[in-house]
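Have a look at this one before I ask anything.
Order of writing sets the chain letters: A, B, C, D and E. Residues in each chain are counted from 1.
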Amino acid sequence: MELFELAIGSIFINNIILAQFLGICPFIGTSKKMETAVGMAMAVVFVMVMAGMITWSVDTFLLKALNVEYLRTLSFILVIASLVQFVEMFLKKSIPGLYAGLGIFLPLITTNCAVMGTCLLNIGNEYDFTSALVSAFSYALGFGLALVLFAGVRERVNLGRVPGPLQDTSIGLITAGIIALTFTSFRGMV
Amino acid sequence: MNNTKLTVSHAPFWHDGDNLFKKNLNFMLALLPAAIFGILQFGAPALGVMALSLSCAMLWELVINLVSKKPATIGDLEAAVIGLLFGMMLPAITPWWLIVVGTFVAVFVGKMIFGGIGSSPFNPTLLGMAVLMMSWKMFFDFDTAYVDYEFAFTALAPLAAVKTQGAAAADLFTLGDLFMGREVGAVGATFGLGLIIGGIYLILRGYARWELSVSFIAGILITAFLFHAASPQNYAGPLFHLLSGYTLLGAFFLITESASSPVNRIPMLLYGFLGGVVIILMRNIGAYADGTILAILLVNVVSPLLDNIRPNALGRGMNNA
Amino acid sequence: MIKRSFFALSRPRLTYDLLEPDPLEPQTIPVPDLITLFLTESIDSKRPALIKKGDPVEKGQKLVLYEDSTAYAVSPVAGTIKMIDSYSDDFGAIATCIIIAHDPVRTSQAQSMEMSEDISFAAAHLLKLPGAPPFDILADENVNITTIVITGADTDLLTTTSQYVTTSHIRDLEQGAKILKQITNVSRICITLPESLNGNAPTASLQVLQTGTVYPDTLPAMIMKDHLDQILPAGKTPEEMGVCFIRAEAVVSLARAFAAKAYIFEKHVTLVDKNASRHRIKAVIGTPLSNIFSQLDIQVNDQDRIIIGGPMRGYATFTVHHPVTPDMDTVVVQDQRIIPKISDTPCVNCGKCVQICPADIQVNLLVRFLETNQYEEATDKYDLDACIECGLCTYVCTSQIALGQYIRLGKHELRKLRADV
Amino acid sequence: MAQSLAKEFTKGLWAEIPPFRLVLGLCPTLAVTKSVENGIGMGLATTFVLVFSNLLISLLRNVIPPKVRIACYIVIIATFVTIVELVMQAYTYPLFLTLGIFIPLIVVNCIVLGRAEAFASKNTPVLAVADGLGIGIGFTLSLASLGAVREIIGAGTITIWGGNPVFAVGDWYHPFSFMVEAPGAFVALGLMLAGMNLIGKK
Amino acid sequence: MREMISMIVVLTLLASVSGGLLAAVKSGTELRIEEQVLKFQKAPAIESLFSDVTNDPLKERFTLDTGDRTLQIFPGKMKDGSRAVAFETSGKGGYGGDIGLMVGINVDSDQLVGARVTTHAETPGLGSRAKDDLTFVSQFNSRPLDANLALKADNGSIDAISGATVTSRAVTRAAIQAQELYSQLKPEILKQIQ
């Protein structure tokens, strides 16, 4: 039940993009078309869950054991970067179909602060392995949900007659802000 | 006939004569019973709030039109509807600056920066309200708003009472009272009967889609019933929820706002129902007393996705057949 | 004019005008002094023209601009060519008009023709018969037509020309259908008729398709869907699917041309004046509308609109000199006061267009793509090419957007785009 | 030389000022600009990392094998990020607490990696430092101005440093606290971006 | 092959240099960071808890070993002569991280003096009320040590902050942890403050 609350909270209430401000760059960058948004969302779910598990293990069994927690930032970013590289190579060789769909998004994920942020949050919260896994998965789901909803609205907005200076990123940010406002609906539900 | 253009325009050359002015005029007409009741109940301040709100909204739109050097668009009355609805959602003793700022947010952020009428994916009125409520929650507390008033009925905002005192507080209000507006609340949202009459008028005239209203009300009633059945001492009954707060205003005038809602039947039904469900969730387990505003904005966000559920067009995908 | 009903819970229904109770006999317009003919080919000043200003022409003479031209016109009178000039047609296409000064003395001797029961002969000589029979398509070896549908039911509102021709010339119609069958070798020939016209229907050799009376039941795509069990694929023409539509009047003229061994020039037209009262006239092809208006005593002011074709599918012209053409069934004169406004307001997503669209197109989204000139996306995602151009969306549009215009322009631009590739 | 040095420095202040012209580094921009103080703190931390990582990468640009260059950049950037983190923890602890997770996240800030890849790896150390300094100060100015807008409207105060407001509007003002909440951050940045576009056009 | 070797060499060198540099910075700042944490996180909570002490709890702090970690204990002498201690525990499971709770316990009467939230990163407006709004934590005031400090929803006696059950639960966990730690350490605490 607690895990369920954690999941609901991470997806809706503390949505990684709309409430925690993590992963805004890919959020704005890949939401112009629904297809790219869905691709990015899937790639993030994939990488975030794996990164969550690996960084948790690295932190628990390596950094804390050796008492070198100050190397956390360094080791996490290396883990994520090499994980992304590895996933990319693996998919290219073994599952070309999935690679065709996710391929172009994978390199972008290295600099997606949502992934790194989730890993740091998991450690900061001193989650156990299951909680860390659930939290990584549901933050990723929240990322995907926000991205897909935003892409739907943004496609519609871009077809409207947005005044010149507001076009594109500007109106995109304002739309995102309003979506963040609507997500406050979920406040207090768990 | 030297290079004369013979064909100057194409069919159709008929139109059913409907236009935005008529649509919005009818919208305002349908709002009148509830608005007039609000004035009778809460006196001159209520009239002041609605009049200021309506005129401010139109003025802001005009100013924005002038500044951006676009043709004036207040003639379509869209801004007037936004203003009137906005005013009707406020308590009678709202400070003037709140209305000025709120209508600006509604018209500017909610409508004009997206490109004006029809272009906003969100309901402008609700957007203005939501932003205001986030900033100045204390001015939307109906219990403190009417301390100087003498009423012949329980001077408690029903939803806030239920939120703070538990479902037992719902017994303070009879359904008849709520129906006839014998409750405190926003100036235009208390008179259930008037709102229902106005809503049915709009639906019959074809200016609001029945699918939205009906599914929205169904969503509220079903969800509230389930909560109530599971735990009557914690959660108020479905009809109480339907008749209190902004619910009826939402069901007939807010969720039916066309630019932000889907157009196909199944998406409309899902959209309305989802809105109803979210409202009750917010009231019963969320942090808000009345979730109507945010819930409808939330389903606004889902609307473009829902629009993907649509019938196949004639002959679609048969090109290679 | 039809107005929105007070209660509008359900979608509006527009019904076809029917011949009964008043069939309205035609009034013949005398042959005018000047005849205007259209040629769908532009003038090329570098090439030697076969005809020029001042040339004499005979009644029934085929007029061709150049040696290898396929477009032709047939002169309905004897006389002299007074002028050959260009005009701009739909979407800026340049075409040619020929004005012939009528010589009443020579006209009486009509040229006799050797009729041959052969489709290429028909395509080469009979294309300009009243009713504009599509013999060029039927003659095209790349198109395999398996069904011919004679439209006895009018396709647009206000008009009754096809119904009138069908019921008043049953014998000619049956004869024409027989000839049609012989020259085309198409075994299945059907005729559409409004349900109410049963009594007078030709039955012998034709399969009757009883059409409903609610617009757009008689449009080709709807006929195919409702009566031929064939869904017209988006972006295809009925001909590509083996179905050819031909006006009843074309079939009648075919029979009469064969019987007389001469060309036929008299076209039936339904004319609706500003008071919405209906006239039926019979005029020689090429007669300027101004002649008809003066004959019927109809005042047309500068700002009034002359609609050629019906109110839902036609096109407008502001000149009264527009002539009667072989495919002109209807002329509507619209008073300037009732011309609907077109506005630049964006779509407000009210959904009435989607509700009424017989092709189930998401018009509300389609128009957003069209406004931003995204024609490919409009076709791929929102079915631009599935539109059957019935005009109902424009009729109900709350924002008064010229949707029909947008859609036609979109289809035109798309054709250009695809032709370029 | 001096001219190109000035050019590389000033471009970051206007022509390529992040995040308005280079739409990068949005997460910290939105997250920490509740007040001017936070904006300045975040901006300076980022500037520090930018300058030193640019310098080091430029120095090592001929040594780093191309195939592992991104990994090397990341190691260098992460090192400086951790130094900033530790130093802030030691000397500006309250600021460290408010900026929280966004300090380690400088490491994934696209601006830093972007400058390393696009500029420092191809230019001399001096130019690289000028570029890093320009972009960093530009970023700091952006954050501070966005922070100023949000703070003055959303809270009615201006806090430059040390937690105490240097300016307060007064008691009559009801703070429009939407601006300091998450949704307001997006809307404020969007409107400021539009403002910049408007100015840029002229 | 040469390329390969140079790649490995460069990466290894970089990593070791960076590791060494960081270790040096870390050891240089360690003490100061500890002071800062004390000053900004714990001091305000202690001052608020022990509003009427006659000594300086921060200066007189001492550490005790609880087995798996060391605990800093801040002793306070109340004006009425009774003795109290304060120490910090943390409750897991808040949204934005652990919730740090400074709990004050009166050693003579075995009653809670009170509790204050020290660190949190919860949703502004709701979870953060645990820190800003003292009505929630004041429920711990003067509770006996054996009181059930769980939330009412968990069959305890504490009212949750409405709409922030998760945060409230984390706080109660910290309080319960404090009860346990205290009963485990009481003898040693008594020894120290004598």
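Everything that follows uses one rule, which is that a residue touches a chain if its C-beta (ideal position, glycine included) is under 8 Å from a C-beta of that chain, and two chains touch if they have at least 3 such contacts.
Note that this is a predicted model, so its numbers are computed, not measured.
Chains touching both chain A and chain C: B. Separation of chain B from chain D in touch steps, taking the shortest path, is 1.
Farthest chain from chain D, judged by C-alpha centroids: C. For chain E, the chain with the farthest CA centroid is C. Interface comparison, A-E versus B-C: the higher number of contacting C-beta pairs is recorded for B-C. Inter-chain centre distance (chain B to chain E, centres taken as mean C-alpha positions): 47 Å.
Rounded to a whole number, the gap between the C-alpha centres of chain A and chain D is 22 angstrom.
Chain geometry summary: the mean Cα position of chain A and that of chain B are 34 Å apart. Within chain E, contacts with two or more other chains are made by residues 18, 22, 26, 121, 125-126, 162-163.
The multi-chain contact residues of chain D, meaning those touching 2 or more other chains, are 71, 75, 78-79, 82, 86, 181, 183, 187, 194. Of all residues in chain A, those that touch two or more other chains are 19, 70-71, 74, 121, 124, 156, 160-161, 166, 171, 174, 178, 181, 184, 187-189.
Interface of chain E with chain D (complex): residues 3, 6-7, 10-11, 14-15, 18, 21-22, 25-26, 29, 32-33, 36-37, 39-41, 119, 121, 124-125. Those residues of chain A whose C-beta lies close enough to touch chain E in the complex are 2, 5-6, 9-10, 13-14, 19, 68, 70-71, 74, 121, 124-127, 187-190. Per the touch definition, chain D reaches chain E in the complex via residues 63-65, 67-68, 71-72, 75-76, 78-79, 82-83, 86-87, 89-91, 93-94, 97, 100, 181. Partner chain A is touched in their complex by these residues of chain C: 346, 365, 368-369, 371-372. Within the complex, the chain B residues that touch chain C are 1-20, 23, 73, 76, 115-119, 203-207, 209-210, 258-264, 307, 310-319, 321.
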